[in-house]
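Chain naming follows the written order as A, B and C, and within any one chain the residues start at number 1.
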Amino acid sequence: MAPSAERSIGLRFEKIDKRYGAVYALHNLTLEISPGECVALAGRNGSGKTTLLRVASSLTRPTRGTLAFSGVPENQNPQVGFVAHATMLYDELTAEENLLFFAKLLGVANRKARVDELLNEVGLGERKDSLVRTFSRGMRQRVAIARALLADPSLLLFDEPATGLDAEATAWLIGHLRTLRDRGCTILMSLHGESEVARLAARAVRLDTGSVVADTRSGATFQSVLTFAGG
Amino acid sequence: MGLLSNAAALLGKEVRTEFRSRELMSTTTVFVLIVVVLFSFTFDPTTDESHRFGPGLLWLAFLFAASLMLQPCFLREQVNDTLSALRLAVRDPFAIFLAKIGANTLFLLFTELLMLPVFAALFNASFRGQLPGILLTFFLGSLGISTAGTALAAISAQSRMRELLLPLLLLPLLAPILVASTEVTVGLMSPDPFMQWKGIGFLAVFDVVFLTALWLFGEYLLEE
Amino acid sequence: MAKRVLLGAAAVLLVIAAAYAAFFVAPEERTMGVLQRIFYFHVACAWAGLTAFMICFAANLLYVWKRQEKYDWLGVSCAEVGTAFTTVVLISGPIWAKPAWGIYWTWDARLTSTFILWLLYISYLLLRTLVEEPDRRALLSALFGIFAFIDVPIVFGAIRWWRTQHPAPVIMGGPNSGMAAGMRPAFYFGVIAMHIFMWFLISERYSLEKTRSDIELLRQEAEAS
């Protein structure tokens, strides 16, 4: 069941601060993401991209400010798929076991079928019974992506998703993201500079020291937002 | 997915993982054995006094073992940040705690029941016909140890010197468990065995109080 | 500033006055003589320590709820002051007990619970030194403080039920049991004086913590730029 346009999620970050001691990972950040929008987040390391994604997923609680969702029932958080730097997978379980476990927690219908389907899509159908510990970085990334997609999320958050993926896997990822985007899924992805993945985005936003400094929505070009100061 | 079904799913995974490697339970059991043997060097375990001191030493050994066994509880979830994945997948974070408490209680119980005949042999003690009482005591005591221990493991996992910190935080907190469990076990081990229901009630109260506290405050323990 | 000096002066004067009352105004106790006078001091410290821990508990709850730094500052101040008073209690008790009863210590409910209470708050303070990031430190120590405090009555109950069976010297009787009428004014005066002294210490420690926090912020900002 694909998220339809009415069920697309919008986000509104309102004056978000996230402080670690005296360091502000996010500072007075205000940003609105329209339902179904695909946004590329650019910025140097330490600009706050990862923190912003974690706040969007409700994993990190902002020190100040609010995050509101549209398209979600009151007081509920949307179904989020998150692919981060860490794999968020259990090394001592097999790929299939990992996915079945999370599918069970998420209450996915027809777990086994869904897991098989996703594993085949990411090209790991043959290796489903291997322990994740034995996988390469790229393979783990693919399982992580499969995990993020298990419950057909309406909000997808990607922290540098193409890291460790070879050309074939990257092409698969782009194709899949395109399908999700076209189905109305809201996508936020942090990227390093211009890349093929970035071309999926309808909008690019640049962060620096925790605030938004450039936004294609206000007229800046994609290139300038994504590649300013080396990306 | 409801709270209980989430907790059950997580509990299932924890138990399955542990039974695959058996590393937690094997090391914990050996540790308890070592402690019990060393304790026996501190006094002569064959006299009548051992009936008075024995159960206390047994529970002390369980407590020490637990304070080590509970360490990996949240540390393992830090390795690949699986804790974040769990937090995203379950609606109520208390499910994570329930599952870990359940798993830790089971592992502790397993170790304790394994140690029981060994202890009985080494200290010439007998639990003739008292098995139901022993099971109840071990269960309630282990539940208390796991509840407080899991909560504090979540705290210590976020600080430095975490291996030392957990026992430091946990052992004083568990003093009541030590007292009550020992008393009930002494009663069950005595030549004229009896069941001290006051102690059982007390253990139950401890368990309820700390489970409630964890239910109220658990999500803050996992917060970032 | 003037208010702080006034509070401090008042607190110190009150304590001195209470000491005077304890030594010279209160009647001499029948059996223990002069030695018993330590009781005024010892019990007042114990009560002040407990009050400090109760305020700490309230501050911990407020921090978890409101997440305002001031509650963290209040919490650590009360914990430190409470621990200091409890240390005094644990040391003055045996000093009194040895000449009076011939033993330094006994494992009765009150003493053992006090010892565990002391250990728990020492752990609280140790935990704080082991978490660097201020917001995390505040939250984790507040949560541990809450767990520790709810444990205290349970500890007391356990030890009173099972470890006070054998006859133990009644170290303090209750404060109102067997206390001669003449002793009461000195006693309550001492309790009040100690509580005011406690309040003075807590507010000083609170300002210290506030200043320390401000300096740390400035330092980090300076380093970052």
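As a working rule, a contact is a pair of C-beta atoms (placed from the backbone, for glycine too) under 8 Å apart; a residue touches a chain by one contact, two chains touch by 3 or more.
All of these numbers come straight from a predicted model, not from anything done at the bench.
*Asks:* Need the central chain here, defined by C-alpha centroid distance to the all-chain C-alpha centroid.
*Replies:* B
*Asks:* Could you work out which chain's C-alpha centre is the most distant one from the centre of chain A?
*Replies:* Greatest centre separation from chain A goes to chain C.
*Asks:* Sort the chain pairs by how many C-beta pairs are in contact and tell me the top one.
*Replies:* Top-ranked chain pair by contacting C-beta pairs: B-C.
*Asks:* Please tell me the distance, in whole Å, between the geometric centres of chain A and chain C computed from their C-alpha atoms.
*Replies:* Chain centroid spacing, chain A to chain C, equals 51 Å.
*Asks:* Starting from the mean Cα coordinates of chain A and chain B, work out the distance between those two points in Å.
*Replies:* 39
*Asks:* Measuring from the mean C-alpha position of chain B to the mean C-alpha position of chain C, what distance in angstrom results?
*Replies:* 32
*Asks:* For chain B, what residues touch not just one other chain but two or more?
*Replies:* Counting only residues that touch two or more other chains, chain B contributes 223.
*Asks:* Which chain C residues reach two or more other chains?
*Replies:* Those would be 132.
*Asks:* Where on chain A does chain C make contact in their complex?
*Replies:* Going through chain A, the ones touching chain C are 19-23, 63.
*Asks:* Show me the residue ranges of chain C that touch chain A in the complex, using the header's touch definition.
*Replies:* 132-135, 216-221, 224
*Asks:* Using the touch definition up top, name the residues of chain C that touch chain B in the complex.
*Replies:* That would be residues 64, 116, 119-120, 123, 126-127, 130-132, 136, 139-140, 143-144, 146-148, 150-151, 154-155, 157-159, 161-163 of chain C.
*Asks:* For chain B, which residues are in contact with chain A within the complex?
*Replies:* Residues of chain B touching chain A: 1, 6, 9-10, 13, 17, 20-21, 79-82, 84-90, 223-224.
*Asks:* Could you list, by residue number, the parts of chain B that touch chain C in their complex?
*Replies:* Residues of chain B touching chain C: 148, 151-152, 155, 158-161, 165, 168-169, 172-173, 175-176, 179-180, 183, 198-199, 202, 205-206, 209-210, 213, 217, 220-221, 223.
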